Structures are given as C-alpha cells and as structure tokens.
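In what comes next, subunit A is part of two complexes: it sits with subunit B in the first one and with subunit C in the second one.
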Partner chain A sequence: MTTAPYARPQHSGPLHPGPLQDLPGYDPGAAPLEVGGLQVEFPATRSRPRADVVSGATFRVASGRTLAVVGESGSGKSLTARAVMGLLPHGARVTDGHARLCGVDLLGLPDRQARSLRGRHIAMVFQDALAALNPVVPVGHQIAEVYRVHGCTGRREAFDRAVAMLARVGIPEPAVRAGHYPHQFSGGMRQRVMIAMALALTPRVLIADEPTTALDVTVQAQILGLLKSLKDQHGLSLVLISHDLSVVAGTADRVAVMYGGRVVEEAAADDLYARPAHPYTRALLDAVPRRGHRGRPLAALPGAPPDPARPPGGCPFRPRCSLAQADCAVPPPLETVGPGHLSACHRSQEVSAR
Partner chain B sequence: MARHILRRLLMTIPVVLGTTLIIFAAVYALPGDPVQTLAGPDRAVTPAMAEALRAHYRLDEPFLVQYGHYLAGLAQGDFGIDFNETPVSSLIAAGWPVTVRLALMTWVIQALVGVGLGVLAAVRAGRATDFAILGGSTLILAVPYFITAYVAQIVLGDRLGWFPVSGIDEGWPRSYLVPALCLALLGVPEVARLTRASVLENLHAEFVDTAVAKGAGRLRVLVGHVLRNSLIPVVSMLGLTLGTLMSGTILIEGIFNLPGLGYQAFQGIQQHNGPVVVGISTLLVLTFLLINLIVDVLYVVIDPRIRLD
Partner chain C sequence: MSRSSRAVSPDESPVNRDGDPLSSARPLVLEASDLVKRHRSSGFLRSRASSDTPAVDGVSLRLRQGETLGLVGESGCGKSSLARLLTAVDRPTSGHVEVLGRRLDQLDGRALRAARRNIQLVFQDPYTCLDPRMTVGAIVREPLLIHRDPAPRRDRRRRVAELLELVGLNPDHADRRPHEFSGGQRQRIGIARALALRPEVVVCDEPVSALDVSVQAQIVNLFTALQRELGIAYVFISHDLAVVEHMADRVAVMHHGRIVEQGTVDEIYDHARHPYTAELLSSSPAPLP
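This part shows the complex of A and B:
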C-alpha cells in the first residue's frame, strides 16, 4: 500500500503551524543555524578537574547549504552538536554562547519550547544507527512517534506517513519493512531509517553526526548521496560532522575545522582544500592519501590533541605546530583572512602561501 | 512458534520423570514405617493386618514397580489415594485455590512495588531516594521473613485487629493480604534491584538520545523507550518467581494457618502420608514447568531480537 505520494508538511502551513515563529528572537531572514562562542564544560568532580571540552565554537550554516564540521576525536565537534540538540551527556553543561535556530536561541529556551523544536525544526542523525534505534520497537512506529510527539496526526495516519518516509529514503517494500525491528536491517538500511526519522517533519536543520562512519565505503557513498538529494529536495541546511576530510569533500559547501574545542578555520570547501590557512588544516590535508603521491610516505601529525582538562594556553595547536613562535601563547582570534575565509592563526598568511 | 512450544513440552517429559522419581524416592526413604502410621500411633499391628495394609497400598512391591504404578495413574490424571482413603486430587482441589490466591496476590504486590521502587531509585540514582530504597531493601532482606510474618500477625492481627490473625474465614482479600505482604517482602528487594540496574543501563542508551532528539517528553522517553527495554530481564525474573512462589508459600501458610497446598504437603510429611507429599510435589513441579514455558514464550513477545528454533 502506501507508497502514495507523500504530502510534504509546510513549515507554516495551516495543518501544523510550527511554533518557531512565536518564539522570541525569530527572524525569517536569519541563518537556519548559527552557533556563536559556544562553551561546554565538565565541572570538576572529586576524581577529575574541570574540563573545557568546547571553548568557543562559532559557525553558521546558510539556508539550503551543507556545512561540514571536521575534527579529530576530542575536538569537541560532537559535543557542540549535542549541546545544540539539548543532548549533552550527564554532567556537561553549556557555560556561554548561543545556538540560534532562525534567530531563536535554543540554549535559552525553557525545556518545553526547546522540545517542541526538536524533531520538528531541527533533527539529528547519529553515527551508530543500531544503537540509536530502539531495539524492541518496529521502525515504523519509531518514525511514527515523531508525528505523534508533535501532535500532527492520529496513530493510524502517523504510521502511514512513516511508511511513506521509508519509501522516500529508498527502502524497498516500505509497508512490510515498517513492521520490522532494527536488527532485521542492514547497516545502510538502518541509517536510512534514521534519516527517515530525522526528516519526518522536514526540519530546517539536520545535524548528521558521523552518519557514514560505521558503514562500508560503497554504502557510505549511497548514504551521502541520499542526504544530499534530500537536502536539495527540501531545502534543508545540513550540518555534517565528520573526522574524515575525504567524506566531506564531495558533500560540503563550507567546512569548519575544529581543534581543541574551538573552530580554527572556516571556509568554502574548495577554498579550504586549495588554500588552507591554518597549520592544523594543512596537516590534515597532507595526511590524506592521494593519486600521484604513490610511493611517498604520508605526512603524519606528531603528538596528541590537547587534554581539555589541561589546555596548553594560547593557541591549542601550539605544541604540535611547526610554525609556533612566542606570540602563539596569545590565543589567535578567528579572523577573516580572505573572502569568506576565516582562520585562527597568527601565521595564516604564511600557511596559505606555502 | 508452535513447533517451539511443542518441543519445549516434549522436553518437560524427562524433567517430570526425573523430579517425580526423586520425590518418590525421598518419600520412600523417609524413616519410620508407614504401616505403623496408618494404624495409629499406639496400636499394635498384627502381622496379618500389616500384610493387608501393605498389599492395599502396594507397599509390598519393589520401589520401581510402585513408581511405575504411580506414573501410570498420573498419566491418566490420577494422583492416587492417600492413607486416609481420601483421593489426593480432592485434597489438591481444596488446597489449590488458597495457594493460587496467595501466590498471585504476592506476585502482583512484588511486581508493582518492586518495579515501582526500582524505577524510582534509578531515576533518582545517587540521591537520597535511591539510597533509602537500596538501604531499605538490604534491611528487608536481612530480616528472616517468618519473623516479619509473626510480627505482622501480632501487630496487625492481634493488637490492632485490622486483619484476621489466621485462617481464611474472612475470604479473599482480607485473609490473604497480610500473608501476601509478608511473602512479597522477600521478592520486592530483588525485583527493585534488578529493575534499578536495568533502567540505569538503558537510561544512558543512545536510543534515549534519539527519542529526546525527536522532541519526546521525559515521561514518554522513560516509559516508551527506557522501561520498554529495561523490563525485559525483569519480566523473565518475575515469571520464574511466580513458579517459586507457588511452592514457596509453605512457611507462610503454616504461620497464618492457610489450608493451601504447602500446608497440606507439610502435614503429609509429618503423617508419613506418602501419596499426599508425592502428589502435591508433582503438581508443583508441573506448575513450575508450565510457568517457565509461558515465560519463555512471553520473552519472545517482549524481546523481538530473540529467535526461537
């Protein structure tokens, strides 16, 4: 049955008037998502000193565009996303900054209102779909729950729309598959289910946290392609979190590179790849294997990322940076170094000139 | 599913054979001469009379032959006749409803209170409520339940007079409430602890984040996602508990004078009334096996990841 054409809910249609417009700060002209000066800390406990895990993340994603947030484990990219979604792990808390969804600051909203936005105007896809789906509930019901939670439809219709969503993300026999449990799907199909769930109400912003890391390379390409085409169809803004610059390359319009809890460089993807203006970005790019470099050893970045409980002071990359000098003890601000190109490095000119 | 159930039923056959054999052997090995008990404590038994009694109850035949006769009867639903010429089945018919009521009531209390406290402790983990529940459950476990039962009997039954002291004259539920509560004290801490551990484990599962990211409220996340997963081990434990409760009521039935199966079995042992002991034990074993089977089937219903066959 229901592979019938799926009526896309309008953002401000009469059927489900979104609550976004009524919230303080709403500005239809604002960027769909803008994060500024975000700081997240784990307060000190008896066994552990205080740790700044995100110390000033700043980026914005334009309407209908893809922003990739790139960084290694511990760079604070996932925690930034979790802070935006209100999903910080136990103990972590936001100490400063804002995360505005069309001008509405998500971090300052009362819980009830923040909840009404989650799943409807901003949604998230997680890395490990097997863990992120409830193992004992059929996937159709898990998708239908989005409609139920936001009071859009009755039980029956919610399920039908869930089936339609499954069809939309390319799951064959969606009416049958909707009754299946997560463990009965392959990894790629599970991630499609996650995407169907996240896009059920056509949010403005989709955060995808390492959506393809757990998948085979061929399936990776399919999922990235699916995300891209759904993004284009619905005019979503996509925040793609990844540790892999090559995954990001074909998908992102802009790239923000995070290191030690802050954004160290942000630029249009082509520009960033062609003229990195931060030594960390350059080091990352040098470590990517490419054609024509066969037989030469890959550049490896020595050292380890900073311990958030004991930041080096000044530029977080200083201890591993080949260009570091005395003035790097003063933290470099994120500054414009070219058209639409931001970098937090005192030596950005030097880096891009190489 | 049907095949699985059938196979499980077939598997119960050797279990029934084995357990009945053990029970039968145990009763056979009881010290004392059943003939003396049959005739009465102070009466001299003439050899002729003893012979007649032995022949009547087949006590003169070898052990395995006796057992064979018993099994043959059992297969036809006949639990035999006890040494007072009463069919064991009529004793069972009298005691069964009492024990079932007591066990079920205890079980419901255990499930509701245990799961409730367990969830509460998990949600408030590390805070005063949690410590109170954990500490309280340790305390309850440390006190033997027959002491609690006697105290409850004296205080609630005798001093305050809120409930009958003993017997089932006032019927269900009044006569059963205090015994059921005392018996439930034994299981509540276990259920609460298992529930707490299981809820804590699922509270930080990633699918909980997914539910929050959907915009689901706290209650919906807790009930629809956390509990739905946490109750899987709890349900299987509760199922097995029901089986043990059926046979675990002996002491409480004794204290509160409830004429249930346990009470009858106890009397049977005291009177060397073999058929009663064997009959009731067999019935309890069968009940236990049946409940186990139901729990197994239920397990598949609540946890779709489990495959049969």
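This part shows the complex of A and C:
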C-alpha cells in the first residue's frame, strides 16, 4: 500500500459543491453507498504479471448504519475503499463495476465533480494518521482547509469551525490544540483529528480504513465509541474496514467478509457470528482464541491467502477449504441463503448447519 | 479515602499473588530482580524528562522450566525494553538477570556469548528481522557457527534440515531467500533460528501481532507444540489479551515500566485487582459469541 496522500490537492480555486441532487442518477431513496461488481486491477508491467486485486466486490450500506468489511491482508478491502474514494494508488485502475452515492455513480463522474463530492458527501479516515496528516501544518489549519477548499466560509470562520470540530471529537483544549502539529499528538488523539477532518462537512458516508489497528486496546475502545456516537448524532453511514472480526463485533450492524478480492459472505452481525454460511468465515471464527480453550490447539486454517497475481481459479478459498469438491472450480455467486444473509459457496447449507 | 481502596492505586506496590500453577519442584530457568533501565538521552535535542523516567522500573519475575509467562501492556509500557534486558541485548541500569543460575548482567565477551545460548529472542516483524541476502539455510545455520559445540561441522546441514522440519517448513527450501516466503513462513524461520541452540527460554516479543488471523492460529499452535515437545519456557509478550490467555500459565501486567499485577490466568482475567488490569480487560474486544 502506498502512503496516504497528504499532499495539497491540485485544485484551481475553491470547489463549489453543487448539491448532490443535481447530479445524474440521484435518488433520495437509494442507499447512501452501494458498491456493485467492482473490479480493480494492477496492469501487467515488465517485472510483474497482471493482478486482479478486487474482482467483483458488492455491498451496500443503509442509512445511519454501520457496515464492517472484514478480510485478511491482500483480500482487497482497502483497495475497494480507495476505488470508491477515487484514491487508488498509482498503477491501479477500476475495470468494471459501480459505486453509487445516493444513486450517483462516483466512478463515472468527471474528476472535478467527483472531487467536490469527496470530503463533502463521502469522507475517509486512514489507518496511519501520522502519514495522512501534513506534518508541517498545524492541525487546526488542516481542518480549516476543508472548509476553505469547499468554498464554505472565510478564513477566520473556517478556523473557528475547525476548533469546534476538534471539541466535538473530544480533544481537550481545542483552541490551543488547533495550533499544534501532528507529531505533538498521541496516536489516539491524531486519529481523532483525522475523524474531525473527515466529518467537517458532515458527509453522508464515512469510510474508516482500519482506524484503530495501530492503537492500544484502551484507546481503540475510545475511538470505536467516538465513531459510534458521531454516527448516531449525524445519521452517518459508516463503512468500517478491519482485519479483526472481534473488533467489529460490538460496532457493526452488518458484516461483509472479503476473501481473494470478493465479498464471500454478507449478513447481519449477530447472524454472521452465530450462523456463518461460508467456510472461510467459519474458519476465521474458529481460529480466534477464546475462553476455556487453553491448552487445546486452535483450529488453524492451513495455507496462506491467495496471491492476486496467481488466483487459484474458481472459488478463491478452494485450496484451503475442507469442503472443496470438483464443482468449486466454478466460482460460486453471492446468493441469498437466508433472510438478509448472502454467501458465495456451493455448500453454504452444509456450513451453516454445522 | 479509606485505606483499602488506596491499596490498589497504581503508585502502590504491585499486586503480587502467589499463584504458581506448576509445581515449584520444576527448576527455575529465568529470574530477574529489580530490573531498572534508564535510556540516557544525549545530544542537542536532549530533554530532561526522558532521563528521569526509566523504561523499565524495578521489574522482578521468575520463570520455571516449560512454563509460559504472558506479559501484557500497552505500547510504550516497557515490554520490549524488558525483553532486551532479559536476553542480554541491553545491560540493565541496575538489578540482575539470572538464566539457569548464571548472572547475565555481569558477564562479558566470550562468557556472555556462551550464556546467551540458553535464552533466545523471537521478533515481531517477520519482514524486517531476517537478512534478505542470506538463504534460509544460512539464517538458521548462523547460530551454529557462533556456538561451535552443539553441532559439529558435519552435522550442521542435518541439524538445519531438522530445525526447518520442526517448525513446519520444507527442508528442501533451505536455499531460498526470505522474500520467497509469506509472513507466517518467515515467522517460522525466525523460530527455527531461535531454537537452533536448544535454548531453555525463548522470549517472544509480539510474535503473532503482524500476522493475519488465520495464520496467527498456525503460529500459536506451533509455539504450543514446541513447548510440549522440547520443554521450552516462554516469556510471551503481546498486547492481545485473547492470545495471551490461550498461551500463558501466568500473566504479568505491565504499566509505565512496572509490573502492576501478576498471577495465574484465571486470577488476572476473572479477578483483576489492579485498576489498570481491569481497564485493559474491559477495553479489549468482547470475546466472540
């Protein structure tokens, strides 16, 4: 993964955000964010074959709800988020699919229009806040810049609103702290600054990419609590990307599990933990150490996640799956297997019956 | 404020319970008493404060043969500094470390090198702890070149193959280089190297934190199997309370360079007495249903 961009955006003058409803496809009844059949590839270079890093990601977030996207490294979860935000690393490109924000396809918009939506209606928080913030600009000014770029306010008022934002994410003495540089904040406080910046213009959708992975458990609990309360206050839709099923267990309404660049299972959180319908989800849940299992070996998955440059063909989980049979050479579609429960497995009934 | 409630404030002496699940008949392999490490800051940007707060501040712990001591705490609490003191990578400012009855902190040169054989370190990041230019065979063989007696020259090749097999790698891959292996496999290489000299104690500093969940379980199982087979004692450092609970016989909770509470797994997880332990437990994600 490349470093998060903290470079000043290449803009000519402030972006005046046209209201979302003027854009083609706008539908007030549509889901705040709906991603369908998204495909992202790194084209072949001299030293590297073509790699399909996301091959058909599909999910939707309901208004005011939290969707967790869970997967291991290389599952394509971060690239899916970056494709939606138009922040793919150099070389990667979207080859198919759509990402609709209230019905407006973000991937089909001209750059300038997409940029005016970004930050205004959909925003993102990165894992590494230190890399995502500009190290030589006080954080208050970085947040104020959001208001300035989107042409909302004058200089003085932008700064005041930035201070108010810092207060809202629970930073003590916000007026003083606004003048401090990113390195003067602890990891948790830095993540709060990132959240303040992302929510400055009260977007409809917030994508949080591993927002607590670099943080200690006590701070992690605080940040997750903050995201939850801000979501409730603003009616945000939250996409929470994580590698850890236990971290999202208390936060998410729905969970989408990604493996090998696609969503292999999606369900309401309680349903997914109680009755997983994909062997990968089942294996992930079994591999987590829990109380009363001391001394017994963990149910470890054999092997390693697939290499996107050399996909196994058929179901991506086939080589590691204990239920794999000949028909798994045909990739199983993501199908409804229960009320609000989707799974991409030919033997989903067998898995959930266990 | 009553006296009893003051007894659990973080500034007071640590909550130390006599929980020793293993029979005390097992020999002590590692003993540290009153370890203190102050990092001296120097140069132009030296700050006063940093020289005043020790990274490790009076830590005492004991480890018996074949036992696992889990060491938990947040980043910056001194876990890794302690690991470096225990393995004699760093010298303590005061206090002493004894491995198999020999004081590591007083030894020098050849004697220190010989004594270090019995205590080895497994690192967190399997991507940076292996020399990318060396073959896997050379990485695992290196300790045998430094310590000549455990394996005579003609046995070395066989011993390397044995070690690779022990950690679940294909011995035929000994001539490959680290970049050809996945994170989990690299961690296995690091473990094979740590085991080359048949140590009594292995200090594992966040050995599974950088791994994916499905691979993490493989490595946790490997650690458990190796302990059963070889009778190694582990100091298992982690911020993941669930993993520590699965692995450890006893748990020590570290906070601001001190061990604030120590006891058996059940004592710590079910009856935490120190407020910091309670905070740590309540913030860690709830166990899955």
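By our rule, the second predicted complex is superposed on the first by the 336 of 354 C-alpha atoms of A that agree within 3 Å, B and C clash if a C-alpha of one lies under 4 Å from a C-alpha of the other, contacts with A are read in each partner's own complex, and residues count from 1 in each chain.
Basically, contacts are C-beta pairs under 8 Å (C-beta built on N, C-alpha and C of every residue); 3 or more make two chains touch, one makes a residue touch a chain.
Not measured: the values here are computed from a predicted model.
Superposition of the two complexes onto subunit A shows subunit B and subunit C fitting side by side, with no clash. Touch criterion not met for A:Ala175: it reaches neither subunit B nor subunit C. In the superposition on chain A, contact is made by A:Ala304 with subunit C only, not with subunit B. Contact with subunit C, but none with subunit B, is seen for A:Ser246 once the two complexes are overlaid on the shared chain. With both structures placed on the common chain, the touch criterion links A:His183 to subunit B but leaves subunit C unconnected.
Contact with subunit C, but none with subunit B, is seen for A:Arg291 once the two complexes are overlaid on the shared chain. For the pair subunit B and subunit C, the least inter-chain C-alpha distance in the overlaid model is 5 Å. When both complexes are aligned on chain A by C-alpha atoms, no subunit A residue touches subunit B in the first and subunit C in the second. For subunit B in complex with subunit A, the residues that touch the partner chain are 204-207, 209-217, 220, 224-225, 228-229, 232, 302-305. Residue ranges on subunit A touching subunit C, taken from their complex, read 72-73, 216-218, 220-222, 243-247, 249-250, 270, 273-274, 283-285, 287-291, 293-295, 297-302, 304-305. By the touch rule above, subunit A contacts subunit B in their complex via residues 85-87, 89-90, 115-120, 123-124, 126, 128, 131-138, 142, 145-146, 149-150, 181, 183, 194, 197-198. Those residues of subunit C whose C-beta lies close enough to touch subunit A in the complex are 74-75, 182, 184-185, 212-218, 220-221, 224-225, 239, 241-243, 245-246, 265, 269, 279-280, 282-289.
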